[in-house]
Amino acid sequence: MNDKKSILELKNFNLYIQDKQILKEINLPFYKNKVTAIMGPSGCGKTTLIRSINRLNEGIPDIKMTGEMRLYNKDLLEMNAILVRRKIGMVFQRPNPFPTMSIADNVLAGFILNGVRLTKQEKEEIVTGSLEKTGLWDEVKDNLHRKGTFLSGGQQQRLCIARALAMKPKILLLDEPTSALDPKATERIEELVNELKSNVTIIMVTHNMGQAERISDYTVFLYLGELVEYEETATIFDSPKHSRTKDYLTRKFG
Amino acid sequence: MNDYKSIALAESRAYVFKIILRLSGYLAIAILCGVFITLASKAALSLQETGLSFFYTSTWDPVRDSFGAFPFFIGTMVTSVLALTISLPFSFALAIFLGEYLKQGRLSNIVSTTLDLLAGIPSVIYGFWGLFVLVPLIRDFQNMLGIVPHGVGIFSSSIVLALMIVPYSASISREVIALVPQDLKEAAQSLGATQFEVVTRVILPYAKSGIFAGILMSFGRAISETMAVTMLIGNANKIPTSLFSPANTLASVLANEFAEASEALYLSSLISLALMLFFITAIFSFVGRWIIRRWMVNG
Amino acid sequence: MKLKNSLKSRLAKDVAFKIVVGVLSAMLILPLLFILFYIVKHGSASFSWGFFTQTPVQVGETGGGVSNAIIGTLMLIGTASVFAIPLGILIGIYLSENRQSKVAEFTRLCVDTLQGVPSIVMGIIAYAWIVMPMGGFSAFSGGVALAIMMLPIVTKSTEETLILVPDSLKEASLALGVPYHSTILKVVLPAGKSGIMSGILLGVARVSGETAPLLFTAFGNPFMATNLFKPVNSLPLLIFNYATSPYEDWQTLAWGASLLLVLFVLSLSILAKVMVKK
């Protein structure tokens, strides 16, 4: 595995909230332009982990993090949070387009809210490009100036992905992106993840094993804050090394 | 490199913004403390000169430098209690009517909107109306009874005060009744209880502390009401002897006399009254809110 | 047999109760509506062009208007809004952003208490803080008194609105690398815009009818005054002074002013309601 280039690497990462250890000694590389799925029963810390990568946990009182998260050999925990978030995009469990903005402005939100001035042409390029990448262009091109809230849940989620992609992130974090969607919309998102990975590294939390098996290249299994197993997806599903992983995959718990 | 610079700028702006937020929060605390300190420091002179007798002597005679707050305390309490007693059955009936019998529909909307709007009519206008419509009626009534026809006095101001607090107390009671879980009511209904029984056996017992808190808060409202009372109470600085006597409340005596008080002791005595008013209303609203919060947590 | 009888009496009780509740409600709504009707009837009689454009005339002369009180009221509301709206919104943001903090809890308690402070006491406070140091009554001092009364209303409505704005929006913005202040000002506040606006309107409606805090601050003024640091008239003050005067002409003006004030306050409250519904 070491021949591949890791873009982000967690080293001895620990996370505590009020003296309770949520994540224990996580060592984990993420490879460039691959999809890594993080799995585990609820409460295992998978969402906490992915949110830490976006530095979104910092608002929590009494939180403590130790260890390193090396992004291009720089510890992102030491970096400026705003800079980290501009390099690492995130999509959440529930679609959350900005209700006060039009569809086009939602795609441009990262620029608008950060006060970046764009020419009309740049705007058009970004809107068209990002919407095309998410397969949303044909569906919304006539309604670009309507509010994004009239879209279906799946379309809203793809709009949120387009919004993250517009910032040209190196890494895209997906936190159970299909848990609020119906099977059809889920399938569309999964296709999208497959298309996107040639350009961006994707880290995705899911509790849907089928989904992990279908679209990820690597799978991480977390249990009670500990990293139990980390392998190529095909390997982990065929022959898990640890009994815990095997039990989880055969639905003995979780 | 430019990117880093702009991010550093954004960071420092975010930091400043957080500080501004925190300072505004502190400012709210500072304003309240400022109100209290101002009142206390300006009231100090009168409390030094008059001592505790300020609270229990019943002569208020600025010309002879004799200041006793007792008549105003009694005036305030009597008017407010009377107003609350008059308004209570009405506001309660209204809350049940809107909350249980007329939950939706146009009439319900009209009634509750009317109530909201009436709550917004300025107090000075209620006083004006009372002076021109209610006071003549009361005067006729007093003539009939054969007592001095003042017209203005405790009774007149209590009636107008009652009208004024009804929308407020009805809306609190309504909110409290709305918090009674629907399934409790439905459970009672499914056992064959009539609406009357649902109200008396389920809603009232469940909501009683919330309703009590609402009464306290309405009482605080009545105590602090100034203009309508000032216009209708007859402005007499003595302990009222009957329900029809002219009197003064803490608030009305301030409205009447504060602008003309030129001597230091007189002014300070008036501010002592304001301090009393501040404390009484603060205690009522605090206790009311505390009960409601506890009730909501414990169910 | 017995059961049947008791059922009958229970049903009778139920009907009786329903009637009592209905009658009490009607008995209450009617006089309140009568007050409104009375104001409209007497007030509309004095509405004329001069009523809005002229200042009050002396006793004995006919005509005259309340233009000075209209201008004064607007000045007072303007001054109060300048202080209360930005500060109220900031405090509201502070409270909704720091839900667990002890200091915020105490701040909330102070705001609630401030809301309960009797209006006449606010007048005395503004007198002590502004009138005494500046050596005279002024529109400014009245505006400050009203601002302190308006502040809790704006604060509470901002806080209550922002608490309902889903955290996910804030996170979506933060995740795009948007700094905290832009997230709050450009994402969270706009999402709660209508609630905050309606709170502001309610605050303005509330203070524009206040008389007590103005008695020893704005004080009143029979002439047109537009200087912020001189005494001004206001509609509620004019109503109070003229209603308690013995002259019929003045009382007529006061009725007109009452109707005008009621219309103003009621349209603000209706607007506030419509905003929240949207």
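The chains carry the letters A, B and C, assigned in the order they are written, with residues numbered from 1 in each.
Note that in this section a residue touches a chain if its C-beta (ideal position, glycine included) is under 8 Å from a C-beta of that chain, and two chains touch if they have at least 3 such contacts.
Because the structure is predicted, anything quoted here is derived from the model rather than measured.
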item	value
Graph class of chain-chain contacts, one of line, ring, star, complete, other	complete
A-B or A-C, whichever has more C-beta pairs in contact	A-C
Middle chain, criterion being Cα centroid separation	C
Euclidean distance of C-alpha centroids - subunit B vs subunit C, Å	15
Inter-chain centre distance, subunit A versus subunit B - centres from mean C-alpha coordinates, in Å	54
For subunit A paired with subunit C, centre-to-centre distance based on mean C-alpha positions, whole Å	48
Sequence positions of subunit B contacting 2 or more other chains	10-11
Subunit C: positions in contact with at least two other chains	179, 182
Sites on subunit A at which at least two other chains make contact	82-83, 114
Subunit A contact footprint on subunit B (complex, rising order)	3-4, 7-8, 10-11
Subunit B to subunit C touching residues, read off their complex	10-11, 13-14, 16-18, 20-22, 24-29, 31-35, 38-39, 42, 89-91, 93-94, 96-98, 101, 111, 113-118, 120-129, 131-133, 163, 166-167, 194-197, 199, 220, 223-227, 231, 251, 254-255, 258-259, 270-271, 274, 277-278, 281-282, 284-286, 289
Complex contact set, residues of subunit C against subunit A	100, 166, 168-169, 171-179, 182-183, 186-187, 190-191, 193
Contact set on subunit A toward subunit C in their complex	54, 56, 61, 82-86, 89-90, 92, 94, 96-100, 109-110, 112-115, 160, 163-164, 167
Residues of subunit C that touch subunit B when the two form their complex	10-11, 13-14, 16-18, 20-22, 24-25, 27-29, 31-33, 35-36, 38-39, 87, 90-91, 93-95, 97-98, 103-104, 106-107, 109-121, 123-125, 127-129, 148, 151, 155, 179-182, 184, 205-206, 208-212, 215-216, 219, 236, 239-240, 243-244, 251, 254-255, 258, 261-262, 265-266, 268-270, 273
